[in-house]
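Both complexes below contain subunit A, partnered by subunit B and then by subunit C.
And now, the complex of A and B:
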(Lines of atoms letter the chains of each structure in order from A and count residues from 1; the text may use other names and numbers.)
(Lines give C-alpha, C1' and ligand atoms only; values in the text may rest on other atoms or scores of the structure.)
Protein backbone atom coordinates (compact mmCIF):
# COMPACT_ATOMS: atom_id res chain seq x y z
CA UNK A 1 0.00 0.00 0.00
CA UNK A 2 1.28 3.43 -0.90
CA UNK A 3 2.32 5.54 2.07
CA UNK A 4 0.15 8.62 2.46
CA UNK A 5 1.64 11.97 3.30
CA UNK A 6 -0.57 14.57 4.91
CA UNK A 7 0.18 18.12 5.98
CA UNK A 8 -1.81 19.94 8.63
CA UNK A 9 -1.69 23.67 9.25
CA UNK A 10 -2.68 24.59 12.79
CA UNK A 11 -3.22 28.13 14.02
CA UNK A 12 -4.97 28.11 17.40
CA UNK A 13 -3.03 28.73 20.60
CA UNK A 14 -3.01 25.94 23.19
CA UNK A 15 -5.75 25.79 25.82
CA UNK A 16 -8.10 27.99 23.73
CA UNK A 17 -10.00 25.90 21.23
CA UNK A 18 -11.46 22.45 20.73
CA UNK A 19 -10.17 22.67 17.16
CA UNK A 20 -6.76 21.76 18.54
CA UNK A 21 -8.07 18.57 20.14
CA UNK A 22 -9.84 17.70 16.89
CA UNK A 23 -6.63 18.21 14.96
CA UNK A 24 -4.80 15.92 17.39
CA UNK A 25 -7.51 13.27 16.96
CA UNK A 26 -7.00 13.37 13.19
CA UNK A 27 -3.23 13.17 13.63
CA UNK A 28 -3.69 10.24 16.01
CA UNK A 29 -5.70 8.25 13.46
CA UNK A 30 -3.18 8.98 10.72
CA UNK A 31 -0.23 8.16 13.00
CA UNK A 32 -1.74 4.79 13.86
CA UNK A 33 -2.06 4.08 10.13
CA UNK A 34 1.64 4.75 9.62
CA UNK A 35 1.18 7.87 7.52
CA UNK A 36 3.91 10.42 6.94
CA UNK A 37 2.63 13.48 8.74
CA UNK A 38 3.67 17.12 8.64
CA UNK A 39 2.40 19.88 10.86
CA UNK A 40 3.09 23.53 10.18
CA UNK A 41 2.26 25.49 13.32
CA UNK A 42 1.35 29.08 12.52
CA UNK A 43 0.70 31.99 14.88
CA UNK A 44 -0.60 30.87 18.29
CA UNK A 45 -0.18 27.20 17.44
CA UNK A 46 3.58 27.52 17.91
CA UNK A 47 2.80 27.44 21.62
CA UNK A 48 1.62 23.86 21.30
CA UNK A 49 5.20 22.58 21.48
CA UNK A 50 6.39 25.04 24.14
CA UNK A 51 8.48 22.95 26.50
CA UNK A 52 7.57 24.92 29.62
CA UNK A 53 3.88 24.07 29.64
CA UNK A 54 3.26 22.91 33.19
CA UNK A 55 0.60 20.80 34.80
CA UNK A 56 -1.14 22.23 37.84
CA UNK A 57 -3.34 21.07 40.68
CA UNK A 58 -7.00 22.08 40.62
CA UNK A 59 -8.62 22.92 43.94
CA UNK A 60 -12.07 23.20 42.36
CA UNK A 61 -11.72 19.61 41.22
CA UNK A 62 -10.31 18.61 44.62
CA UNK A 63 -7.25 17.05 43.00
CA UNK A 64 -3.52 17.55 43.44
CA UNK A 65 -1.21 17.92 40.49
CA UNK A 66 -0.66 14.18 40.19
CA UNK A 67 -4.33 13.26 40.41
CA UNK A 68 -5.37 16.04 38.05
CA UNK A 69 -3.01 14.80 35.32
CA UNK A 70 -3.61 18.02 33.42
CA UNK A 71 -3.47 17.56 29.64
CA UNK A 72 -0.56 19.35 28.03
CA UNK A 73 -0.41 19.72 24.24
CA UNK A 74 3.34 19.25 24.32
CA UNK A 75 2.79 15.76 25.77
CA UNK A 76 0.12 14.99 23.17
CA UNK A 77 2.52 15.92 20.39
CA UNK A 78 5.39 13.88 21.84
CA UNK A 79 3.04 10.91 22.11
CA UNK A 80 1.87 11.38 18.53
CA UNK A 81 5.47 11.53 17.32
CA UNK A 82 6.18 8.26 19.12
CA UNK A 83 3.02 6.66 17.76
CA UNK A 84 3.79 7.68 14.19
CA UNK A 85 7.30 6.32 14.47
CA UNK A 86 6.16 3.07 16.11
CA UNK A 87 3.71 2.46 13.28
CA UNK A 88 6.21 3.01 10.51
CA UNK A 89 5.47 6.63 9.77
CA UNK A 90 6.72 9.91 11.08
CA UNK A 91 5.39 13.18 12.44
CA UNK A 92 7.43 16.18 11.39
CA UNK A 93 6.56 19.36 13.27
CA UNK A 94 7.61 22.79 11.99
CA UNK A 95 6.95 26.00 13.89
CA UNK A 96 6.77 29.36 12.11
CA UNK A 97 9.96 30.98 13.38
CA UNK A 98 8.75 34.59 13.45
CA UNK A 99 5.60 33.47 15.28
CA UNK A 100 7.83 31.76 17.87
CA UNK A 101 9.93 34.88 18.34
CA UNK A 102 7.02 37.27 18.90
CA UNK A 103 5.60 34.94 21.55
CA UNK A 104 8.90 34.04 23.20
CA UNK A 105 8.23 30.31 23.00
CA UNK A 106 11.50 29.23 21.44
CA UNK A 107 12.06 26.52 24.01
CA UNK A 108 10.32 23.67 22.22
CA UNK A 109 10.07 19.93 22.81
CA UNK A 110 12.40 17.56 20.99
CA UNK A 111 11.36 17.04 17.41
CA UNK A 112 9.80 20.48 16.90
CA UNK A 113 11.77 22.46 14.34
CA UNK A 114 11.83 26.12 13.39
CA UNK A 115 10.81 27.04 9.86
CA UNK A 116 9.20 29.53 7.50
CA UNK A 117 6.35 29.79 4.99
CA UNK A 118 8.69 28.24 2.42
CA UNK A 119 8.70 25.07 4.54
CA UNK A 120 4.91 25.03 4.52
CA UNK A 121 4.81 25.27 0.75
CA UNK A 122 7.42 22.53 0.33
CA UNK A 123 5.65 20.24 2.78
CA UNK A 124 2.33 20.84 1.01
CA UNK A 125 3.87 20.10 -2.37
CA UNK A 126 5.22 16.79 -1.07
CA UNK A 127 1.87 15.79 0.43
CA UNK A 128 -1.16 13.98 -0.89
CA UNK A 129 -3.27 16.64 0.75
CA UNK A 130 -3.14 19.55 3.16
CA UNK A 131 -5.73 20.59 5.73
CA UNK A 132 -5.78 24.11 7.16
CA UNK A 133 -7.40 24.40 10.59
CA UNK A 134 -7.41 28.14 11.13
CA UNK A 135 -8.33 30.35 14.06
CA UNK A 136 -11.82 31.79 13.58
CA UNK B 1 0.10 22.70 -7.52
CA UNK B 2 -2.28 25.64 -7.77
CA UNK B 3 -3.89 26.60 -4.49
CA UNK B 4 -6.73 28.96 -3.64
CA UNK B 5 -6.51 30.70 -0.30
CA UNK B 6 -9.99 31.56 0.99
CA UNK B 7 -9.88 34.23 3.67
CA UNK B 8 -13.07 34.59 5.68
CA UNK B 9 -11.99 35.78 9.12
CA UNK B 10 -11.08 39.46 8.93
CA UNK B 11 -8.79 41.64 11.02
CA UNK B 12 -7.52 38.65 13.00
CA UNK B 13 -4.85 40.29 15.21
CA UNK B 14 -3.94 42.68 12.39
CA UNK B 15 -3.00 45.44 14.82
CA UNK B 16 -0.54 43.22 16.69
CA UNK B 17 0.80 41.55 13.57
CA UNK B 18 0.83 44.74 11.46
CA UNK B 19 -0.75 42.78 8.64
CA UNK B 20 -3.22 40.01 7.99
CA UNK B 21 -1.30 36.83 8.68
CA UNK B 22 -2.88 34.88 5.84
CA UNK B 23 -2.21 37.65 3.32
CA UNK B 24 1.33 37.74 4.73
CA UNK B 25 1.97 34.00 4.42
CA UNK B 26 0.46 34.01 0.94
CA UNK B 27 2.91 36.71 -0.09
CA UNK B 28 5.82 34.84 1.52
CA UNK B 29 4.93 31.54 -0.16
CA UNK B 30 4.44 33.31 -3.48
CA UNK B 31 7.98 34.62 -3.05
CA UNK B 32 9.10 30.99 -2.66
CA UNK B 33 7.51 30.11 -5.98
CA UNK B 34 4.06 28.95 -4.88
CA UNK B 35 1.13 29.31 -7.26
CA UNK B 36 -1.54 30.93 -5.14
CA UNK B 37 -4.65 33.03 -5.57
CA UNK B 38 -6.92 34.58 -2.95
CA UNK B 39 -10.66 34.72 -2.49
CA UNK B 40 -12.01 37.17 0.09
CA UNK B 41 -15.34 36.17 1.63
CA UNK B 42 -17.45 37.21 4.61
CA UNK B 43 -16.08 40.16 6.55
CA UNK B 44 -12.74 39.77 4.79
CA UNK B 45 -14.22 41.39 1.67
CA UNK B 46 -13.34 44.62 3.52
CA UNK B 47 -9.70 43.87 2.78
CA UNK B 48 -10.36 45.07 -0.77
CA UNK B 49 -11.44 48.55 0.37
CA UNK B 50 -8.90 51.11 -0.78
CA UNK B 51 -9.44 53.80 1.85
CA UNK B 52 -9.20 51.76 5.04
CA UNK B 53 -6.95 53.27 7.67
CA UNK B 54 -6.10 51.71 11.01
CA UNK B 55 -3.43 54.17 12.06
CA UNK B 56 -3.48 56.16 15.28
CA UNK B 57 -3.50 53.49 17.95
CA UNK B 58 -2.00 54.77 21.22
CA UNK B 59 -1.91 53.45 24.77
CA UNK B 60 -0.52 56.01 27.21
CA UNK B 61 2.81 57.08 25.80
CA UNK B 62 2.99 54.19 23.34
CA UNK B 63 2.17 54.92 19.72
CA UNK B 64 1.85 52.47 16.87
CA UNK B 65 4.13 53.85 14.17
CA UNK B 66 3.64 51.03 11.65
CA UNK B 67 -0.04 50.14 11.52
CA UNK B 68 -1.32 47.42 9.22
CA UNK B 69 -1.84 48.57 5.64
CA UNK B 70 -4.14 45.87 4.37
CA UNK B 71 -5.09 47.54 1.09
CA UNK B 72 -1.42 48.00 0.29
CA UNK B 73 -0.73 44.37 1.11
CA UNK B 74 -3.54 43.29 -1.23
CA UNK B 75 -2.08 45.50 -3.96
CA UNK B 76 1.32 43.91 -3.32
CA UNK B 77 -0.18 40.46 -3.82
CA UNK B 78 -1.64 41.57 -7.13
CA UNK B 79 1.74 42.97 -8.14
CA UNK B 80 3.27 39.55 -7.50
CA UNK B 81 0.83 37.92 -9.91
CA UNK B 82 -1.65 36.66 -7.33
CA UNK B 83 -5.26 36.98 -8.48
CA UNK B 84 -7.48 38.38 -5.73
CA UNK B 85 -11.22 37.78 -5.90
CA UNK B 86 -13.97 38.90 -3.56
CA UNK B 87 -17.45 37.52 -3.21
CA UNK B 88 -19.67 40.23 -4.68
CA UNK B 89 -22.77 39.34 -2.68
CA UNK B 90 -20.84 39.57 0.57
CA UNK B 91 -19.51 43.00 -0.43
CA UNK B 92 -23.02 44.13 -1.27
CA UNK B 93 -24.42 42.90 2.04
CA UNK B 94 -21.81 45.08 3.76
CA UNK B 95 -22.58 48.22 1.73
CA UNK B 96 -19.37 48.07 -0.24
CA UNK B 97 -20.90 48.00 -3.73
CA UNK B 98 -19.98 51.59 -4.58
CA UNK B 99 -16.89 51.92 -2.38
CA UNK B 100 -13.55 52.31 -4.22
CA UNK B 101 -11.63 49.06 -4.07
CA UNK B 102 -8.00 48.17 -4.64
CA UNK B 103 -7.38 48.26 -8.36
CA UNK B 104 -7.22 44.78 -9.82
CA UNK B 105 -9.36 42.86 -7.33
CA UNK B 106 -12.06 40.92 -9.15
CA UNK B 107 -15.69 40.43 -8.11
CA UNK B 108 -17.02 36.91 -8.13
CA UNK B 109 -20.70 36.00 -7.94
CA UNK B 110 -21.75 33.08 -5.77
CA UNK B 111 -22.89 31.23 -8.87
CA UNK B 112 -19.36 31.47 -10.28
CA UNK B 113 -17.79 29.92 -7.19
CA UNK B 114 -17.93 26.24 -8.27
CA UNK B 115 -16.16 27.00 -11.53
CA UNK B 116 -13.47 28.97 -9.69
CA UNK B 117 -12.90 26.20 -7.13
CA UNK B 118 -12.61 23.71 -9.96
CA UNK B 119 -9.57 25.53 -11.31
CA UNK B 120 -7.44 24.71 -8.26
CA UNK B 121 -5.69 21.57 -7.09
CA UNK B 122 -6.15 22.59 -3.46
CA UNK B 123 -8.38 24.96 -1.55
CA UNK B 124 -7.28 26.19 1.85
CA UNK B 125 -9.89 27.93 3.97
CA UNK B 126 -8.58 30.26 6.65
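And now, the complex of A and C:
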Protein backbone atom coordinates (compact mmCIF):
# COMPACT_ATOMS: atom_id res chain seq x y z
CA UNK A 1 0.00 0.00 0.00
CA UNK A 2 1.31 3.40 -0.95
CA UNK A 3 2.42 5.64 1.92
CA UNK A 4 0.58 8.90 2.31
CA UNK A 5 1.04 11.84 4.62
CA UNK A 6 -2.12 13.36 6.03
CA UNK A 7 -2.56 16.26 8.42
CA UNK A 8 -5.58 16.67 10.66
CA UNK A 9 -6.39 19.92 12.42
CA UNK A 10 -8.49 19.51 15.55
CA UNK A 11 -10.23 22.23 17.56
CA UNK A 12 -12.78 20.56 19.84
CA UNK A 13 -12.06 20.11 23.53
CA UNK A 14 -12.12 16.58 24.94
CA UNK A 15 -15.36 15.08 26.28
CA UNK A 16 -17.53 17.58 24.38
CA UNK A 17 -18.16 16.62 20.78
CA UNK A 18 -18.76 13.55 18.66
CA UNK A 19 -16.46 15.19 16.11
CA UNK A 20 -13.57 14.14 18.34
CA UNK A 21 -14.71 10.52 18.18
CA UNK A 22 -14.99 10.71 14.40
CA UNK A 23 -11.54 12.30 14.20
CA UNK A 24 -10.12 9.42 16.24
CA UNK A 25 -11.87 6.92 13.96
CA UNK A 26 -10.28 8.59 10.93
CA UNK A 27 -6.85 8.53 12.57
CA UNK A 28 -7.34 4.88 13.48
CA UNK A 29 -8.06 3.91 9.87
CA UNK A 30 -5.07 5.86 8.57
CA UNK A 31 -2.77 4.53 11.31
CA UNK A 32 -3.70 0.95 10.39
CA UNK A 33 -2.67 1.75 6.81
CA UNK A 34 0.77 2.84 7.97
CA UNK A 35 0.32 6.44 6.86
CA UNK A 36 2.43 9.30 8.12
CA UNK A 37 0.00 11.29 10.23
CA UNK A 38 0.21 14.77 11.65
CA UNK A 39 -2.22 16.34 14.07
CA UNK A 40 -2.20 20.01 14.89
CA UNK A 41 -4.42 20.65 17.91
CA UNK A 42 -5.52 24.15 18.77
CA UNK A 43 -8.00 25.87 21.10
CA UNK A 44 -9.73 23.29 23.31
CA UNK A 45 -8.25 20.33 21.43
CA UNK A 46 -4.92 20.86 23.18
CA UNK A 47 -6.61 19.19 26.16
CA UNK A 48 -6.85 15.91 24.28
CA UNK A 49 -3.29 15.00 25.23
CA UNK A 50 -3.40 16.39 28.78
CA UNK A 51 -1.60 13.77 30.87
CA UNK A 52 -3.67 14.31 34.02
CA UNK A 53 -7.03 13.30 32.57
CA UNK A 54 -8.42 10.87 35.12
CA UNK A 55 -11.01 8.14 35.05
CA UNK A 56 -13.67 8.37 37.72
CA UNK A 57 -16.33 6.23 39.37
CA UNK A 58 -20.02 6.89 38.83
CA UNK A 59 -21.74 6.96 42.20
CA UNK A 60 -25.13 7.72 40.68
CA UNK A 61 -25.03 4.41 38.85
CA UNK A 62 -23.22 2.54 41.62
CA UNK A 63 -20.16 1.80 39.53
CA UNK A 64 -16.57 1.97 40.75
CA UNK A 65 -13.79 3.37 38.60
CA UNK A 66 -13.09 0.02 36.91
CA UNK A 67 -16.74 -0.74 36.22
CA UNK A 68 -17.29 2.76 34.84
CA UNK A 69 -14.32 2.27 32.49
CA UNK A 70 -14.34 5.93 31.59
CA UNK A 71 -12.68 6.55 28.22
CA UNK A 72 -9.80 9.01 28.19
CA UNK A 73 -8.68 10.71 24.97
CA UNK A 74 -5.06 10.65 26.13
CA UNK A 75 -5.22 6.86 26.13
CA UNK A 76 -6.82 6.78 22.67
CA UNK A 77 -4.05 9.01 21.31
CA UNK A 78 -1.29 6.91 22.86
CA UNK A 79 -2.88 3.83 21.31
CA UNK A 80 -3.08 5.56 17.93
CA UNK A 81 0.61 6.48 18.14
CA UNK A 82 1.44 2.86 18.87
CA UNK A 83 -0.78 1.62 16.05
CA UNK A 84 0.76 3.99 13.52
CA UNK A 85 4.27 2.93 14.55
CA UNK A 86 3.38 -0.78 14.55
CA UNK A 87 2.05 -0.49 10.99
CA UNK A 88 5.10 1.31 9.63
CA UNK A 89 3.86 4.87 9.90
CA UNK A 90 3.93 7.53 12.57
CA UNK A 91 1.61 9.90 14.34
CA UNK A 92 3.14 13.27 15.09
CA UNK A 93 1.07 15.39 17.46
CA UNK A 94 1.64 19.14 17.86
CA UNK A 95 -0.30 21.31 20.31
CA UNK A 96 -0.61 25.07 19.83
CA UNK A 97 1.61 26.43 22.60
CA UNK A 98 -0.41 29.56 23.29
CA UNK A 99 -3.60 27.48 23.51
CA UNK A 100 -1.83 25.16 25.97
CA UNK A 101 -0.71 28.05 28.16
CA UNK A 102 -4.19 29.60 28.22
CA UNK A 103 -5.62 26.36 29.54
CA UNK A 104 -2.76 25.24 31.79
CA UNK A 105 -2.53 21.85 30.11
CA UNK A 106 1.19 21.81 29.43
CA UNK A 107 1.64 18.41 31.05
CA UNK A 108 1.11 16.26 27.97
CA UNK A 109 1.52 12.56 27.20
CA UNK A 110 4.72 11.31 25.61
CA UNK A 111 4.83 12.08 21.92
CA UNK A 112 2.79 15.27 22.09
CA UNK A 113 4.87 18.31 21.28
CA UNK A 114 4.41 22.02 21.72
CA UNK A 115 4.34 24.15 18.58
CA UNK A 116 2.81 27.09 16.79
CA UNK A 117 0.74 27.84 13.69
CA UNK A 118 4.03 27.84 11.80
CA UNK A 119 4.18 24.10 12.47
CA UNK A 120 0.69 23.71 11.04
CA UNK A 121 1.71 25.50 7.87
CA UNK A 122 4.82 23.32 7.53
CA UNK A 123 2.92 20.11 8.24
CA UNK A 124 0.28 21.00 5.67
CA UNK A 125 2.96 21.86 3.12
CA UNK A 126 4.55 18.44 3.63
CA UNK A 127 1.26 16.54 3.41
CA UNK A 128 -0.69 14.99 0.59
CA UNK A 129 -3.84 16.40 2.13
CA UNK A 130 -5.12 18.27 5.18
CA UNK A 131 -8.49 18.07 6.88
CA UNK A 132 -9.62 20.80 9.26
CA UNK A 133 -12.19 19.68 11.84
CA UNK A 134 -13.31 22.89 13.48
CA UNK A 135 -15.65 23.50 16.39
CA UNK A 136 -19.20 24.39 15.23
CA UNK B 1 -12.81 18.99 -13.30
CA UNK B 2 -11.93 19.13 -9.63
CA UNK B 3 -12.99 16.46 -7.14
CA UNK B 4 -14.40 17.54 -3.80
CA UNK B 5 -15.41 15.76 -0.62
CA UNK B 6 -17.74 17.66 1.66
CA UNK B 7 -18.34 16.24 5.14
CA UNK B 8 -21.44 17.11 7.14
CA UNK B 9 -21.77 16.00 10.76
CA UNK B 10 -24.88 17.97 11.69
CA UNK B 11 -28.57 17.53 11.01
CA UNK B 12 -30.34 20.33 9.14
CA UNK B 13 -32.43 20.70 12.32
CA UNK B 14 -29.30 21.66 14.27
CA UNK B 15 -28.02 24.49 12.14
CA UNK B 16 -28.94 26.56 9.12
CA UNK B 17 -25.33 26.19 8.01
CA UNK B 18 -26.13 22.65 6.91
CA UNK B 19 -28.32 23.88 4.05
CA UNK B 20 -25.45 26.11 2.93
CA UNK B 21 -23.24 23.02 2.77
CA UNK B 22 -25.78 21.23 0.58
CA UNK B 23 -26.00 24.33 -1.62
CA UNK B 24 -22.22 24.47 -1.95
CA UNK B 25 -22.17 20.82 -2.99
CA UNK B 26 -24.90 21.44 -5.57
CA UNK B 27 -23.14 24.52 -6.93
CA UNK B 28 -19.83 22.70 -7.34
CA UNK B 29 -21.53 19.78 -9.07
CA UNK B 30 -23.48 22.21 -11.22
CA UNK B 31 -20.28 23.72 -12.56
CA UNK B 32 -19.04 20.29 -13.56
CA UNK B 33 -16.97 19.25 -10.57
CA UNK B 34 -17.16 15.79 -9.05
CA UNK B 35 -18.63 16.07 -5.57
CA UNK B 36 -19.21 13.56 -2.79
CA UNK B 37 -21.18 14.56 0.29
CA UNK B 38 -20.28 12.31 3.21
CA UNK B 39 -22.75 12.40 6.10
CA UNK B 40 -21.60 11.37 9.57
CA UNK B 41 -22.89 11.58 13.16
CA UNK B 42 -26.24 13.44 13.21
CA UNK B 43 -25.67 14.31 9.57
CA UNK B 44 -27.18 10.94 8.67
CA UNK B 45 -30.56 11.65 10.27
CA UNK B 46 -31.87 13.48 7.23
CA UNK B 47 -31.37 10.58 4.82
CA UNK B 48 -34.03 8.42 6.43
CA UNK B 49 -36.70 7.76 3.84
CA UNK B 50 -39.39 10.40 4.28
CA UNK B 51 -37.23 12.82 6.28
CA UNK B 52 -37.03 16.38 5.02
CA UNK B 53 -33.71 18.00 4.21
CA UNK B 54 -34.05 21.22 2.31
CA UNK B 55 -31.44 21.38 -0.40
CA UNK B 56 -30.26 17.80 -0.23
CA UNK B 57 -32.51 16.61 -3.06
CA UNK B 58 -31.31 19.52 -5.16
CA UNK B 59 -27.73 18.48 -4.54
CA UNK B 60 -28.52 14.92 -5.59
CA UNK B 61 -30.26 16.16 -8.73
CA UNK B 62 -27.16 18.25 -9.50
CA UNK B 63 -25.09 15.08 -9.48
CA UNK B 64 -23.70 15.00 -5.96
CA UNK B 65 -22.94 11.51 -4.64
CA UNK B 66 -24.32 11.16 -1.12
CA UNK B 67 -22.79 8.64 1.28
CA UNK B 68 -23.89 8.00 4.87
CA UNK B 69 -21.44 6.67 7.46
CA UNK B 70 -22.54 3.12 8.22
CA UNK B 71 -21.41 3.32 11.86
CA UNK B 72 -23.41 6.51 12.45
CA UNK B 73 -26.45 4.82 10.90
CA UNK B 74 -26.11 1.81 13.19
CA UNK B 75 -25.64 4.04 16.25
CA UNK B 76 -28.96 5.70 15.45
CA UNK B 77 -30.86 2.53 14.58
CA UNK B 78 -31.29 3.41 10.91
CA UNK B 79 -31.15 0.28 8.73
CA UNK B 80 -29.68 0.60 5.25
CA UNK B 81 -32.97 -0.39 3.65
CA UNK B 82 -34.64 2.66 5.21
CA UNK B 83 -32.45 5.20 3.44
CA UNK B 84 -33.72 7.62 0.87
CA UNK B 85 -33.17 6.72 -2.75
CA UNK B 86 -29.75 7.63 -4.16
CA UNK B 87 -28.12 7.60 -0.71
CA UNK B 88 -25.69 4.78 -0.01
CA UNK B 89 -24.20 3.61 3.28
CA UNK B 90 -20.41 3.69 3.32
CA UNK B 91 -17.61 3.05 5.78
CA UNK B 92 -15.51 5.91 7.12
CA UNK B 93 -12.67 4.49 5.03
CA UNK B 94 -14.28 6.35 2.11
CA UNK B 95 -13.05 9.60 3.67
CA UNK B 96 -9.49 8.37 4.14
CA UNK B 97 -9.48 6.98 0.59
CA UNK B 98 -10.34 10.39 -0.81
CA UNK B 99 -7.94 12.27 1.47
CA UNK B 100 -5.16 9.93 0.39
CA UNK B 101 -6.07 10.52 -3.24
CA UNK B 102 -5.69 14.26 -2.77
CA UNK B 103 -9.38 15.10 -3.08
CA UNK B 104 -10.15 18.59 -1.83
CA UNK B 105 -11.96 18.00 1.45
CA UNK B 106 -14.04 20.35 3.55
CA UNK B 107 -15.78 19.52 6.83
CA UNK B 108 -18.73 21.93 6.88
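FYI, the second predicted complex is superposed on the first by the 135 of 136 C-alpha atoms of A that agree within 3 Å, B and C clash if a C-alpha of one lies under 4 Å from a C-alpha of the other, contacts with A are read in each partner's own complex, and residues count from 1 in each chain.
Just so we're on the same page, a residue touches a chain if its C-beta (ideal position, glycine included) is under 8 Å from a C-beta of that chain, and two chains touch if they have at least 3 such contacts.
Just so you know, these numbers come straight off a predicted model, no measurement behind them.
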For this session: Would you mind checking whether subunit B and subunit C clash or fit side by side on subunit A after the superposition?
Result: fit
Exercise. Could you give the angle made at the Cα centre of subunit A by the lines to the Cα centres of subunit B and subunit C, to the nearest 10°?
Worked result: 60
For this session: Using the touch definition from the top, say if A:103 reaches subunit B (first), subunit C (second), both or neither.
Result: neither
Exercise. Does the superposition put A:19 against subunit B (first), subunit C (second), both, or neither?
Worked result: second
Exercise. Given the touch rule stated above, what does A:70 touch, subunit B (first), subunit C (second), both, or neither?
Worked result: neither
Problem set entry | Which superposed partner A:114 touches (first subunit B, second subunit C, both, neither) | neither
Exercise. After superposition on the shared chain, which partner residues are touched by A:132: those of subunit B (first), subunit C (second), both, or neither?
Worked result: both
For this session: Would you give the minimum C-alpha distance from subunit B to subunit C, in Å, for the three-chain superposition?
Result: 5
For this session: State which residues of subunit A lie in both footprints, the one left by subunit B and the one left by subunit C.
Result: 129, 132, 134, 136
Exercise. What residues on subunit A touch subunit C, complex-wise?
Worked result: 2, 4, 6, 18-19, 22, 25-26, 29-30, 33, 35, 128-129, 131-134, 136
Exercise. Given the complex with subunit A, which residues does subunit C contribute to the contact?
Worked result: 9-10, 15, 17, 40-42, 71, 92-93, 95-96, 99-100, 102-103, 105-107
Problem set entry | Complex contacts: residues of subunit A adjacent to subunit B | 9, 11, 42-43, 116-118, 120-122, 124-125, 129-130, 132, 134-136
Seminar exercise, completed: In the complex, subunit B touches subunit A at residues 1, 3, 8-9, 12-13, 21-22, 25, 28-29, 32-34, 122, 124-126
